[in-house]
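Two complexes are shown next, each including chain A; its partner changes from chain B in the first to chain C in the second.
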Partner chain A sequence: MNTLYLDGQSLLHRLSTKPKLGGLAVFSVFLFAASHPLALGVSALVAALAYASTGIGWKPGLARLRPAFITIAAVTLFALLFQPPIEALVILFRLTALMLAAAAITATTSIGAFIDTITWAATPLERFGLVRAADIGLSVGLVIRFVPEVTLRYRSIRDAHQARGLKVRPVTLIVPLIIQTLKNADEIAAAIDARGIR
Partner chain B sequence: MDIHFEEASVRYEARTALEPLTLRLTERRIGVIGLNGSGKTTFARLINGLVKPSSGKVVVNGFDTVKDAEAVRAEAGFIFQNPQNQIILPILKEDIALGLKRRKLSGAEIDAAVSAVLVRFGIPHLADRRTHELSGGELQLSAFASVLVTQPKILILDEPTNQLDLKNRNLVERTMAAMDENLIVISHDLALVEGFDKVLLFSGGKLVGDGNPSDVIAQYKKLAGA
Partner chain C sequence: MSTRDLVLVALFAAIIVALGLIPPVSLGFIPVPVHAQSLGVMLAGVVLGAKRGTLAVALFMLLAAIGLPVLSGGRGGLGVFMAPPSGYLYGYLAAAFVTGYISERFVTPRQTGLVQGSVFFVAALAGGVLTCHLLGVLWLAFVTGLGLQAAFLGTLAFIPGDALKALIAAFAGRAVMVGYPLLPQRA
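On to the complex of A and B.
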């Protein structure tokens, strides 16, 4: 199992998880409240600098974000078809800033810290009997845990195609990827039960 | 350890994974052997409550595995065949701590318990390591630590030496020999269970052998045509 967390001693690494996640929430709200391309462009630049400050390096840093970049590019192109170019630019900057900021936080926060902080944040809801805070924390942690796992599985299925001389097609990739991911999710659920975590 | 199987069976639609079984287990170290698909893992999963009986019941140290599932899991820890499936979080110390989160312990108490269990298995240096970087033996010891940090009285191990090289297999065997917990070990590695108090033999979803290791292992070899 791989992780998106990166060892390091950057400012973001040293910062406690609560202000980091709180800051990310405030930053996200700002990105959706703002609509000026310059403000959003500067935000994207600030987020890029924050991501670079984690020490990830440009090549692995960009490789990690590639699927999200492709999605943002597709959304932007779609927006260009139906909206003025300036609106498409706003969407591009907004989503890019959001992605980079979230990537910076994910690279400098371990899953355990995520779980603890989300659980802490959800505790008030538990008092009203609405949710179990630990379940929310665990759910968020598992989502983050599965991101590199799914990427790894995708690569191994793609390699298996190539090793057998088969053409890589979306359908023959996606079906086994979904099956393997669901199977893995079952195994993790069994481990959670067996260890009495939930 | 006191485990009762009372006419417990497991069926999956048309297939019977375990025929109705009545059995009492009180020995400290029990081996479980049999061919692939013989019902060994189903038997073991029944004890931890991971599999619910289709009929009958299983009682572990006085707790029903269906009605008292939470208490049963506190009594009986389970180590999966593939330790990768046991480890939920990618950094070892965080994964071990995860098992303690529900116990309303302070951060310091959790840290102390994690440190203690890592020291117990001789792997404190692995605390901050990524689990995907660990060797097979280290991963198996990590799985032991992740389960035993909650101090279950019974430990169920599903083929603990599967996929290990000889060095790591011997390491796991030595670790198991030094454990005070009650052990139920499913294994194809017959040497691993030959010194145990009792060995159970499964075949076709039925318990066909139950006795001292040498007799049951001989019965198994005959059954397997070895």
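On to the complex of A and C.
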């Protein structure tokens, strides 16, 4: 599976994951506390500079954010209809700044770095017996491993419908997909236990 | 949690991801294209029950958060949790729990198919439609400052499609219950 991580050596790439995520949290709290359009406009500009500093380039950088910008534009237009224009501007700047800052962190943090940080953050929960921190990384790995498998199965069920001249209906497609996939669970669990991974 | 439950949760998260990769279908009588991903969330509750279903959705959201493009339309990253429609994403988590809780509380293997199917339908409606849209509207109203009324108007267009998905989830839930029951053996 492709990830949204972008290889690079920028300042944000070199910064470790914990301060980056902490910084993003502080930034988002600030964005919702601030209500002056100028402060929010400057924040959006700073976030845009941070996103540009990842070295993503104009075209792929914008392509990635297109769906987000469309929803922001829709909400801003909606706000213009119901509220004074200055409020719409506040909404536009606030949401754009959030979007760009989050995209900058996503582009500069690898899956491995994220999982390490999540495992670290889950360790206190482990003491209370709520979760096993190592399970999180294992589960993420399992999903990445099995998504292509499920997609393949989806295609073969669809083909089986077409080969028999049946219309592909959601129920007749989803039920065999779920049953076939989940029936593997016993074998996979046995394999994990047999290898002593867990 | 046993290794088998962990694997079931991971496999179901993979199914939810795969459902998002399927192109959305237009149903003709509904103007909005119907994505299969929220159907996957209802199915998680109906098939796996409250605990495992919620964990499957949580795992799916974790994958999105760490930058895998697993949401429908190839979206992902931390940005999707801070956008105007993010409330629906948080709603998924609550939806899986509510659907799963009602399903495992009121469905037993001995009931007839009609009873099971109806309970699954009510569960999927309460979780996947009511809870999910409630959180979606609240988020949209307060985070963007749109106000409740405008946000509510915006969500109405998606209700018929989601109700239909609840119906599909009910049929599928009943069929899985017959073919490979997982709901009675609780995590």
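As a working rule, the second predicted complex is superposed on the first by the 122 of 198 C-alpha atoms of A that agree within 3 Å, B and C clash if a C-alpha of one lies under 4 Å from a C-alpha of the other, contacts with A are read in each partner's own complex, and residues count from 1 in each chain.
Rule of thumb we're sticking to: contacts are C-beta pairs under 8 Å (C-beta built on N, C-alpha and C of every residue); 3 or more make two chains touch, one makes a residue touch a chain.
Because the structure is predicted, anything quoted here is derived from the model rather than measured.
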item: Larger contact residue set on chain A - chain B or chain C; value: C
item: Which superposed partner A:Ala122 touches (first chain B, second chain C, both, neither); value: neither
item: Touched partner set for A:Ala134, first chain B, second chain C, both or neither; value: first
item: First (chain B), second (chain C), both or neither touched by A:Ile157; value: neither
item: First (chain B), second (chain C), both or neither touched by A:Asp193; value: both
item: Chain B versus chain C as contact partner of A:Tyr5, first or second or both or neither; value: both
item: Touched partner set for A:Ile111, first chain B, second chain C, both or neither; value: both
item: Touching partner for A:Ala47 - first (chain B), second (chain C), both, neither; value: neither
item: Partner chain(s) touched by A:Ile56 [first = chain B, second = chain C, both, neither]; value: neither
item: Interface residues of chain A shared between complexes with chain B and chain C; value: 1-3, 5, 111, 115, 142, 188, 192-193, 198
item: Touching residues on chain A, where the partner in the complex is chain C; value: 1-5, 24, 28, 32, 65, 67-68, 71-72, 74-75, 78-79, 81-83, 87, 90-91, 95, 98-99, 102-103, 105-107, 109, 111, 114-115, 118, 135-136, 138-140, 142-144, 146-147, 149-151, 154, 170-171, 174-175, 177-179, 181-186, 188-189, 192-193, 198
item: Sites on chain B touched by chain A in the complex; value: 48-50, 70, 73-74, 77-78, 80, 84-91, 94-95, 97-99, 101-102, 130-132, 146-147, 150
item: Footprint of chain A on chain C - complex, ascending; value: 1-4, 6-15, 17-18, 21-22, 36, 39, 43, 47, 59-60, 62-63, 65-70, 73, 75-85, 140, 143-147, 150, 154, 168, 171-172, 175-176, 179-180, 182
item: Chain A - residues contacting chain B, complex; value: 1-3, 5, 110-112, 115, 119, 134, 141-142, 145, 187-188, 190-198
